[in-house]
Structure formats: structure tokens, C-alpha cells
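Structures given as C-alpha cells follow.
Each of the next two complexes has chain A plus one other chain: chain B in the first, chain C in the second.
And now, the complex of A and B:
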């Protein structure tokens, strides 16, 4: 009973936090509202016995929102992210699309005759996940890992201001280097 | 704590995220909408896993979803940084030529 109430409470917090992201009038507050929503969902996932996934979600999202807050201070104009603002377009269309989506999903959720549960959970689901990832589902790890590395490389390449490829050309053979202020002694 | 309740909460969060992703003008706020949608997918997947088939395969799928969210965030920040550097733009309306 108590766990039911807590589960619904976290659900409500997650939903209201999510709605607050687009309602509050400063980006800093929106960031914290999103972090709150993620933490609530992470706690709900913990209620669904996925200890590892729940904790990872919470930790990752808190860090991500911290980065997002710094990011907005860096890049958003005005007094960074603390000015009241409302920057939306096509508001009515967006509300209509969102409502229609919710009603469609809710109708599906309530009308589908959900099957009975297949099997039971392992005694230690985190251990089962680890053994699965390191055993029969190794391919998932083998795919995700290079994707993550590629993301790091692509992120740095996109975000870096000037790299060695700007200076030395795509094949790194351009001499002298193309610098805004040429160096050397003029020989 | 039932499957329907979990999925309904997830559907509501997803719809709020969809509203944000469509309506917001600032790139970072659009990303927040997308994050909220993936947040809902995590909750829905966790619910389906627990109530329908609690074997490790579903958990592995959840890890894939979380990885997708990480990639989305990292690449989104990188593109937004590039946009800001090249054009001083932080709004989607200033970059409509990227729509393909």
C-alpha cells in the first residue's frame, strides 16, 4: 500500500517536474525541474526492482543537468538563463499534437489485453544483468562501446574551435600552418 | 502499482516532452523535450520488463535506451556549440537550413 502511494507520488513528481520544464520562466529553473523529473523516474525504476538502471539514471541525469546548467550560463544570451522568457512557436499545434498523442497512447494502454507475466525475476537482477551483458548479450556491449567512443570523437570535432586539421589541412601536411597570426621568423 | 498505471504515467511524461520538443524555440529547450521523451521510454520499458517478462534481456534493452540518451545529449550539445560559434544562434528558427 505504502509502496503504491510512493510510486504514484513519484509519478506525479516526474510528470509535474516535466511540465514545469516548459512552464517556469527561466532556463536555470527549467534545468532543475528536469533533473527532479529524472530523479523521480529513477526512483520509480528502483520500485520496479531495477536497482542498477535506476541508480544509473539518477546519477547520470543529475550530472547531465549540472552540465546543462553550465552550458546555458555559457551560451544563452541575456543575463545567463535567469531572465524570464517565453520562447515558443506553434504553441497551439504543439498542445494539440501532445494531447492527441497522450489520448492515443492512453487508449491503447487501457484497451490492450495485457498478457500474464512470463517467468519470474532472478534473485539478484543486477547480477543477472551483468552476467547477461558479459555473456549472451556481449554483442550489445560490443556495439555500444564503439558508438560511445565515436560520440566522444564526433562531439569534440564538432565543438572544438580550431583543431590541427584547421591549421595543417585534412592530411596534416600543410606547411606553414594556417594560423591567424603567422609565427616564425619570416624565412 | 500496475502495468497500466506505469504506462499511463510514462505516456503523460512522453506527451509533455513531445509538446516541448515541438513548441520550444531554443535548441537546449528542444533537447530537454527530447530527454523527457526518452525519460518516459525508460519508465515504460522498466514497467513492461517488471510486469510482463522480468528476464535480463529487457534490462539490456534499457541499457541501450540509456546509451541512446547519452549519445543524443552529447551530440546535441556539440551541434548547439557549433551553431553558437558559427552563427551566434541559439534558436531553432535561426537554423532552419539544417532541416534537410
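And now, the complex of A and C:
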């Protein structure tokens, strides 16, 4: 009974936190409203006995929102992120898309012929979830991960305006490197 | 709806939730003891009178101080940031077993601790942000810069004991050190973990986020009770970090003569004293330079430690 109430309570917090992201007028509040929403979802996942997934959700999402604060000053010229600002734009299109998506998903939930449960849940549901998600596709996952890392590295290399020739000189022999922000190990 | 977090088949027993008050009291005593020791060390460094009573005088002063207000402060986020440190420290100690008893026998207790220490990123930044003051915001960003350097090494330092114990349950990690404490054969992970504890307590070498050069940094505009709660939170985090190291690296309640439940606080106090003492022994890590130290030195070192631990764990089984 109490756990039912707590589960639905966290669900409500998650929904309201998600809605607050678009309602508030500050980047910081929007960011941490989203964090609150995800923490509530993580706590709900604990009720599904997916303890690892729940705790990792909380960990990753809070960390991600903290990193968002770094992006706020890294990529936004003149730091409008630090001033009050509206969190919505393109209202008409957004409302239309949101309503259509909601109606589509809700219709799907109501119309799908849900299967009846076969057998009981496994004793380690986290392991079962992992196997059903990844099991037969492990090779694909193992191939995709290095490709994704390579894409990230390549993206950063292409985006950086300074190259190794700027750092180390035309013959790559200049030590220490000429960096606008010198690092701590004297490379 | 199933009950969350069913009891795991761990070597420890879960006590009634009411005992959480006792755990909180222990955390409070440890935090006050750390503040007293720091006061004494400060008095010795400054050559003044005994500083053991300094935290009490400071608390009394702050409780009577009028609250400072700033223009257009984001009060909600500011207060949450300042008060959150204490809450996070309390949530950390829930998974630390006292001998054979624990309040929250979570099967992924190590991850839980990690999730709580990541909360500090958000809280310190929010404290810096909320006041709507330039210096305090700079302090918040200094902490995030440190965070980017220390967090991954800290995470991989926590991985080492978990690999060796083949469990993320804190009780099982403690039980797996039967005879040989993890600190003996994972010294690199232990040192990096201690650095991480100092870092998420904004302590010692990681204090530039609160530096005098930026008028107190993240806590620049904190006054009165808000400041008291923030400072108490830092000491509590330091104490919680020391307490968590006991089951992770120092054999849990294992030790001669004394019972299990007594060894945990004894080891915690010893480690806490070392952490407090280190404050005046290590230079500040500049946030801009520490990033590279974290990624180029600490991370490879602790990954190598993990590899060694993993190889030994495979070879033993």
C-alpha cells in the first residue's frame, strides 16, 4: 500500500518536474527541474527492483545536469544562459507535435493487445533485462561502442580550431606546448 | 507492486528504520569532532589559544548573524544547494554497515554512494549560482572544473574493491576482506579514493572553489544559518567519506579485541583525522591544471590498478 502510494507519488513528481522545465524562466531552474524529474524516475525504477538501473539513472542524470551548467557558459555567446529567458519557442508547432504524439502513444497503449504474463519474473531482474536487451546483439553492441567513441573523438578534432601544429610548432618539436590554457602535467 | 529493494543474502542484518536517528547522531558527532580537530590545528598553525572550542563559538556566532540578502537571488536553488550537502552525507552513511548492522542493505550500495557524491556537483554549483553574485558563481564553476578531473578516477577507484569482492553490496565488500584488507593490495585506488573524498567535501587541496582570492567563492554570500549548514555539510561529507572507506578498503569491522561495531567508528575517526590534517599539508590544486592531472595521471593509474585487481580476482577464482 505505502509502496504503491510512493510509486505513484514519484510518478507525479517526475511529470510535474518535466512540465516545470518549460514553465520556468531560468536555465538553472529548467536544468534542475529536469534533474528532479529524472531522480523521481530513478526512484520509481527502484520499485521495479531494477536497483542498479535506478541508481545509475540518478547518478548519470544529476551528473549530466551539472555538466549542462558547464555547457551553459561554454557554448552560449554572451551567456544568455545566466539571464532570465523563456524556455519555449515555436509554440504552435510544438503544441501540435506534442498533442499528436500524446494521442498517438495513448491510442497505442489502449489499442494494443497486451500479452498475458507467462511464468514468473526471474530472480535477478536486472540480469534478465540486460540479457533480453543485449544478449543476442552483443556483437553489434561491441562493434558500435568503438565506432561511437571514434565518432566523438573525430567530432572534437574537427571542431577544435587549434591543431597540433598550433600547439607544438611546424616541426612538432616545441616543448612545452603553446596552449592558451596550460595543463597541469607540463605536456 | 513489489516492495523496493528486497533484502539481499548479505552477511549483515538490516536494523529497524528508527536506528537511522542513531546513525545521524554518529555522523553529527564525527562532523563536530572533525571541526574541533580542525580548530585545534588552526590554532596551532596560527599560534593562538586552544581552538578545540572554535567550532562551537563559530556556530553560536553564525546562528545569531543576520541573513545577508542579494539582489535577484534564486533563493530556492540557493537554499537547496547549501542545505543539500548535509542531506547527501546522511544518505551516504545509510549504506555503511556498523559491524553487522546496516540501515539500508542495498545490493548496489557502492553505486548508491557514488550517486550521492555526484549530487555534490549539483549542490555546490547551485550554491554558487543561487546568490546571483559573480564571485560565488566563479566558485561554483571552479568546483565543476575540479569535478571533471576527480570524478572519473574516484569512480574507477570504487570499482577495484567491487571487482575483488564480486559484489556492489557494501557488506559483502567488507566481508570479502577476510584476512587481507583491500588497502594493502589496492593502494592506488585507496589514495585516489581519499583524494575524491577531499574533493567532494571541497576540502584542503580542492578548496579553491571556496578560495579567499574570489572572496569565498561558492559560499561568498552565504551568511548566518545558511553558512553554518553549508560548513556542517562539508564536515559531514568528509566524515561520511571516511566512514565509507572502512568497509571498502579497511576491512570493515575486522580487528582484534574490540567488537565489530566498535572498530568501524575507530577506523573512521583515524581516517577522518588524517583527512582533516591533510588540509594544511597539501597545496591547492588549481582547477584549470588539475583537470589534466586527473585525466593524464590519476585515471590511467587507477585503471591499471583495476586491471591488476581484475587479473588477481580471475586468477583466484
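Assume the second predicted complex is superposed on the first by the 122 of 187 C-alpha atoms of A that agree within 3 Å, B and C clash if a C-alpha of one lies under 4 Å from a C-alpha of the other, contacts with A are read in each partner's own complex, and residues count from 1 in each chain.
Criterion: a contact is a pair of C-beta atoms (placed from the backbone, for glycine too) under 8 Å apart; a residue touches a chain by one contact, two chains touch by 3 or more.
Computed from a predicted structure; not experimentally measured.
Q: Could you say whether A:110 touches chain B, chain C, both of them, or neither, answering first, second, both or neither?
A: first
Q: Looking only at chain A, is it chain B or chain C that touches more of its residues?
A: Here the partner covering more residues of chain A is B.
Q: In the overlaid three-chain picture, which partner chain does A:181 touch, first (chain B) or second (chain C), both, or neither?
A: second
Q: Using the superposition on chain A described above, determine whether A:26 touches chain B (first), chain C (second), both, or neither.
A: After superposition on chain A, A:26 lies in contact with chain C alone.
Q: One more residue to check, A:62. First (chain B), second (chain C), both or neither?
A: Once the two structures are laid over each other on A, A:62 reaches chain C alone.
Q: Now for A:35: first (chain B), second (chain C), both, or neither, which partner does it touch?
A: Only chain C is touched by A:35; chain B is not.
Q: Would you sort A:47 into first (chain B), second (chain C), both or neither based on which partner it touches?
A: In the superposition, A:47 touches chain B and chain C alike.
Q: For A:161 in the superposed arrangement: first (chain B), second (chain C), both or neither?
A: Touch partner of A:161: chain B, not chain C.
Q: Tell me which partner A:7 touches in the superposition: chain B (first), chain C (second), both or neither.
A: both
Q: In the superposed view, which residues of chain A touch chain B and also chain C?
A: Residues 3-4, 7, 47-49, 52, 56, 67 of chain A touch both chain B and chain C.
Q: Which positions of chain C touch chain A when the two form their complex?
A: Per the touch definition, chain C meets chain A at residues 1-6, 74, 76-77, 106-108, 111-112, 114-115, 118-119, 121-122, 125-126, 129, 137, 140-141, 144, 147-148, 151, 168, 285-286, 288-293, 296-297.
Q: Where on chain A does chain B make contact in their complex?
A: Counting only chain A, the residues touching chain B are 3-4, 7-8, 11, 14-15, 18-19, 21-22, 27, 30-31, 34, 37-38, 41, 44-45, 47-50, 52-54, 56-57, 60, 64, 67-68, 71-72, 75-77, 87-91, 93-95, 97-99, 101-102, 105-106, 109-110, 114-115, 117-122, 125, 128-129, 131-133, 137, 140, 144, 147-148, 151-152, 154-156, 158-159, 161.
Q: Would you pull the chain A residues touching chain C in the complex into a rising list?
A: Residue list for chain A touching chain C: 3-4, 7, 26, 28-29, 32, 35, 46-49, 51-52, 55-56, 58-59, 62-63, 65-67, 69-70, 73, 82, 181-185, 187.
Q: So in the complex, which bits of chain B are touching chain A?
A: These residues of chain B touch chain A: 1, 3-9, 11-20, 22-26, 28-29, 32-33, 35-36, 39-40, 42-43, 46-47, 49-57, 59-60, 62-64, 66-67, 70-71, 73-75, 77-82, 84-85, 90-91, 93.
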